[in-house]
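Letters are used for the chains, namely A, B and C, taken in the order the chains are written, and counting of residues starts over at 1 for each.
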Amino acid sequence: MATAEEEEDGGGGGGCCLRPFSCEQGLLSRPDGSAAFIQGDTSVLAGLYGPGEVKGSKELPDQAALEVLLRPKVGLPAVTPRLGRGGGAQREQLIRRTCEAVLLGALHPRTAVTLVLQVLSDIGSLLSCCLNAACLGLLDAGLPLASLFCGVTCALRPDGRLLLDPTARQEQEARAVLTFAIDSADGKVLAATAKGSCSAEELQQCLAAAQRAAATIFRFYRDSLRRKYSKW
Amino acid sequence: MATAFKTVEPLEYYRRFLKENCRPDGRELGEFRATTVNIGSITTADGSALVKLGNTTVICGVKAELAAPPVDSPNKGYIVPNVELPSLCSTRFRPGPPGEEAQAASQFIADVIENSQIIEKEDLCIANGKLAWVLYCDIICLDYDGNILDASTFALLTALKNVQLPAVTVNEETGLSEVNLKQKNPLIIRKHPVATSFAIFDDTLLIVDPTAEEEDLATGTVTIVTDEEGRLCSVHKPGGSPLTGAKLQDCITRAVTRHKEVKKLIDKVIKSIQPK
Amino acid sequence: MPLDHRRLRGPEESQPPEVWAAAAGAGGAAAAEEEEAAAAAAAEEARDPCALRPLFARAGLLSQAEGSAYVELGGGTKVLCAAWGPREAAAEPGGGAAAGGRLVCEFRRAPFAGRGPRAAAGREAEREAAAALREALEPAVRLARYPRARLAVSALLLQDGGSALAAAVSAAALALADAGVEMYDLAVGCALCRPPGAAAAWLLQPSEPEERRAAARLTVALLPSLNQVSGLLGGGQGGPPDSWAQALRLGLDGCHRLYPVLRQSLLRAARRRAAPSTA
């Protein structure tokens, strides 16, 4: 179990810090890789299977076929539990394509990689927590990756101030909530999605804040991995 | 000869064109396909629009029905968008319930409606806590040649602009609602969200309005939705090649110009069907 | 209705505004309905039962399908059809490998296709129409030429203004021909209906209100150059055999009259396709 204490970000402004986050890798015995990521009170468990046998129709001749399943805490995976919330298939698609962008799938052609994300609790910033769990799951399975990625959620308060890693209540009050997947190579944007409307300048501000936060998360990835392997 | 090369090495074939700043269909990198829109062609719907982006064809039909407003917000109506990608539009889709792409597109459209406040849901309420409009917006792709999100958003917007709702009055004495089918009113459209999609080629090159072929070869896509004030109603980049903030800004700039083009087209079409 | 987790759902229950117009003033609504019926009856008298609605057909308009066709009947029936040539078929569970290819038909109704409540016709009606479509088309296609292969046709009804299945048959046959599938003949569909009343005459190509009020309905599919009937779907109140025989004759005559229009559209599509390559 690795934890990181709440870190004040250089950008100043009361909201520009992340909730305390922690992770645990390899906690499940059946999957080939597993990780739990906890961000404040939001937690997601990732299980990764593969590279393994692929079903006929899904087989890709030149790379591994990645499948992402996002399991909500209760009920069936749905487009939306109610209008305006969630978006199961869209999130699955976003996480899958983000993983595909970093996974060196060409090394394992004609195989299947399945990533199952189980939501344990959702108190805000769920998508970024899913992305982080997914990346640590990929790492734990030892799959070859081109780079790492992390998810950062950023909320714009009605007064125009930025807030990183918002809770569910803060998300509801916010004018806009943006989630980015940032890659570790040079802090580029792998994925982006937004709820609510904002201006282009605000988007760039959020992105800059997310990139700064990403550096903290990557440092945390490194520390937790070091701790994991030092036990051997 | 060229067709054989294209079949064997499709990516290399594209790269040769892109190096010369053009595409196999003769467009420049930042050029949209010819866009046409036909409004009100489905008379059984309360509002409809057929949008063509090159070969991509999307039809949106809106049907209005009445229901009790949601319990948690008694002063609001409903907008229920669904995108369908039937097997008719491309071989990549199988018959049956909507697949991942259709579900994701439906959610994208729902997000655009929610984020842009294209229609204020309060406008759809007739009697607080008792009666409200439900707008079922069914978007069906007829011909899938890429960039389905732009076409769907455009079709939704023009179909909503075409909607004529019958007047509803609540009878004071009986408390019953009366619908006057003869008197029709248009919807109040608050914002005009317009989507602009890009495909990323080889991690660096951005091309606008990709065809299905280009989408398959590309390493990622980005969709930006802006309204008339240049605010972003949606920034949708579902994975794929990483982009810098500056590149993202380029996309936004292009999206703002595209909005002006599309708005002009909408105004022209709306004017043409209202003889005055 | 089963819960569908793959679509966005609205409220549990909703009604089309027409229902409320009727509920508002019971007397007034009934009067309005009577008025409508009277108007329909007047229109019926004015209508020539043998008149065909103008038919517009265009083949080869979709880019992604191998063959496609759009058929529109004057008065608002719009059907779009796509067809795909022979594909490898999954092994049939019952064996029968020696038999020819299989024709797979799909019929979908857009949720906004009908008047009144959205999605009134359920999956069952779609499946029935798909089966009727397959029966009408199978005799026209040289399936023996495509052993162990699958030919696919999917029809989408965009707007239902009556005689939808008949229009779908014509459109599907055009789409198959446009896809370059070997066929004996085009299948042409024609619908008829008989209004209530003992002495009522059959009407060719009924509109949607006529169809709704009809006592009996019939859809005929004909292979005109072979002069063979490939499909027949009838229903409603029975009548003397003579009446049905007369209906069939009327329907076949209608099919023969529609045939040249469809042929023309196919020729135009072929010419359009040939033009750019020769130029």
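Please note the rule applied: contacts are C-beta pairs under 8 Å (C-beta built on N, C-alpha and C of every residue); 3 or more make two chains touch, one makes a residue touch a chain.
Everything numeric in this text was worked out from a predicted model, so none of it was measured.
With every chain reduced to the mean of its CA atoms, the largest distance from chain C is reached by A. Each chain gets a centre from its C-alpha atoms; the one nearest the centre of all protein C-alpha atoms is B.
Taking the mean of the C-alpha atoms as each chain's centre, chain B and chain C sit 29 Å apart. Separating the centre of chain A from that of chain C, both taken as means of CA atoms, is a distance of 49 Å.
Shared interface positions of chain B, i.e. residues touching 2 or more other chains, are given as 78, 80, 103, 106-107, 110.
Multi-chain contact residues of chain C (touching two or more other chains) are listed as 6-10. In chain A, the residues that reach two or more other chains under the touch definition are 79-80, 83, 89. Residue ranges on chain A touching chain B, taken from their complex, read 79-80, 83-84, 87-90, 92-101, 176, 178, 181, 183, 185-186, 188-200, 203-204, 207-208, 211.
Taken together, the chain C residues at the contact with chain B in this complex read 4, 6-11, 13-21, 23-25, 62-65, 76, 78, 80-82, 84, 106, 108, 110-115, 117-118, 152, 154-156, 158-161.
Listed in rising order, the residues of chain B touching chain C in the complex are 42-45, 48, 55, 57, 59, 61-68, 70, 78, 80-82, 86-91, 95, 97-98, 102-103, 106-107, 110, 134, 136, 138, 140, 142-145, 165-166, 168, 171, 176-181, 212. On the side of chain B, the complex with chain A involves touching residues 78, 80, 100-101, 103-104, 106-108, 110-111, 114-117, 219-220, 222, 227, 230-245, 248-249, 252.
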